[in-house]
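Everything on this sheet refers to the single structure shown next.
Chains here go by letter, A, B, C and D, matching the order in which they are written, and residues are numbered from 1 within each.
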Amino acid sequence: MAGPAGFTPVLDAAEVETVLRSMFPVSDVPYRVIEVGEGTLSVSQLCGRREARPGGVVSGPTLMALADASMVMCVVAHIGPEAMAVTTSLKMDFLTMCPLGEVVASVNLLKLSRRTAMGTVSIAAAGSPAPAAFATVTYSIPPTPSGLVNL
Amino acid sequence: MAGPAGFTPVLDAAEVETVLRSMFPVSDVPYRVIEVGEGTLSVSQLCGRREARPGGVVSGPTLMALADASMVMCVVAHIGPEAMAVTTSLKMDFLTMCPLGEVVASVNLLKLSRRTAMGTVSIAAAGSPAPAAFATVTYSIPPTPSGLVNL
Amino acid sequence: MAGPAGFTPVLDAAEVETVLRSMFPVSDVPYRVIEVGEGTLSVSQLCGRREARPGGVVSGPTLMALADASMVMCVVAHIGPEAMAVTTSLKMDFLTMCPLGEVVASVNLLKLSRRTAMGTVSIAAAGSPAPAAFATVTYSIPPTPSGLVNL
Amino acid sequence: MAGPAGFTPVLDAAEVETVLRSMFPVSDVPYRVIEVGEGTLSVSQLCGRREARPGGVVSGPTLMALADASMVMCVVAHIGPEAMAVTTSLKMDFLTMCPLGEVVASVNLLKLSRRTAMGTVSIAAAGSPAPAAFATVTYSIPPTPSGLVNL
């Protein structure tokens, strides 16, 4: 689904990954940006033992961290690296167990103004049509760059 | 604040920690149960470099994982170790930056029925009167023990 | 956007409206069902002075009531009239002011199991591509029909 | 529970009601302000046939409207009538059926800054210790008074 209001990205997938890696040590960035579109961005994470909870499925906190990071990357893709967003609210509904392996998060921006950004993140096992989790995320965009992102 | 409906715990803090450690390898349990009360439970986590985001404050995903784990422990404290809850929804509002160091999560059960549990988790730096984050968490309690918890 | 998992409706738009009117006095049903699809349903409401807040835009409670009702109707469309759902949670993000006039709510089911239903509701002024509000709604489907719906 | 950060109200209950009535025709204000405290405010609503859903309990939309209005009044009580807040997000968990009669909403501010306010609203039948519904509500405080409130 395209963003509803013709949002135009200013960075492509590779550029967003470069921003991401400049902010974090490589070992802490388990995310790969798949695609950037108008108001959209998708991210892949390979989930293994480290991301598992007992039962062999992806843990809830892993999915929440993925949603948070994906939304930050989508905002960065549309505003540029200097516009540092701070998460103000994240709500996740856990719909089904998410099996280990490749997991894909798909962001849709619903609002992007000077002060705030809001979007949805749908997370599913790669290739699965049914989302395992669905999040709504709200960001505050500080008046001046603060150097902080909520990852 | 006591739970609103006279919830009675069946495990104490040490017993909840024992359940927690039986489910996870020691290295994965950064949480210490401080106190269990009627419909309440408080948990402490020491947050350092590993839990930091750029800027030197506790990361959002760390706070969400703490809220999720605290709520699971509170449900276990009131139902017993065999009643394995699955997180169905978690919403967190991020209110202020949370400095590194000891962080305390305080759970209040608002509902505990055979099928569902719902509660709030207020998170603050130890000694601070102002919450850094506030979560509402909903759990589903499966009809039969599934051996799964959402940590 | 189609529902992600091939949900199949069992009632059409006219039948859902009939169910709706059987549950409520006509004067209390300001909703018109536009379309029912696989995992989807759209509802129209004409918002005038009664639904306005100062400033001449649609009030927040009007939008929340519309989201709640639309989701109930979507569940009824997919399970049938006897399966009475009870709202367990509704979260709405208000994105832009919604002008008075015809307002359209579009439901997407994300989960529909024997016990629970979860979906999103996007609300916009008729003809506007940008949503004025976006909701996530969770329902509990009682084991036995209770005759209650949360309208 | 007192507000966590020593919020100081600038209006008392009668003054908040005066502001409320100046904004709305009397017939549209079913709320009575019971008490204003530091970061807190409680509101009463008499719920009868008009607020009922089939089954004879208070409807969900009535409870959401009450939560929204209560939070607005609490912000007005602490900032003054000129600071018009706009609801940006409301999440309500419905915990138990709420019987018709007097219903009380209790607001606790968790954050009040120049730009945003966030608080919780617990709603219960008068005299009942168990909440029927619990909401988290976020407001944006516009840079300049806009004359709009989200009622």
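In this text, a contact is a pair of C-beta atoms (placed from the backbone, for glycine too) under 8 Å apart; a residue touches a chain by one contact, two chains touch by 3 or more.
Model, not experiment: these values are computed from the prediction.
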item: Interface with more contacting C-beta pairs, comparing C-D to A-C; value: C-D
item: Chain whose Cα centroid lies at the greatest distance from that of chain D; value: A
item: Intercentroid distance (Cα basis), chain D paired with chain C, Å; value: 24
item: Chain A-chain D separation of Cα centroids, rounded to whole Å; value: 33
item: Chain centre separation (chain A, chain C; CA means) in Å; value: 28
item: Shared interface positions of chain C, touching two or more other chains; value: 88-89, 91, 93, 138
item: Topology of the chain contact graph, where touching chains are joined (line, ring, star, complete, other); value: complete
item: Partner chain A, residues of chain C touching it in the complex; value: 1, 4-6, 91, 93, 95-96, 110-111, 118, 120, 124, 129-131, 134, 136, 138
item: Residues of chain B that touch chain C when the two form their complex; value: 88-89, 91, 115-116, 138, 140
item: List of chain C residues in touch with chain D within their complex; value: 23-24, 53-55, 57, 59-61, 64-65, 68, 86-94, 97, 146-151
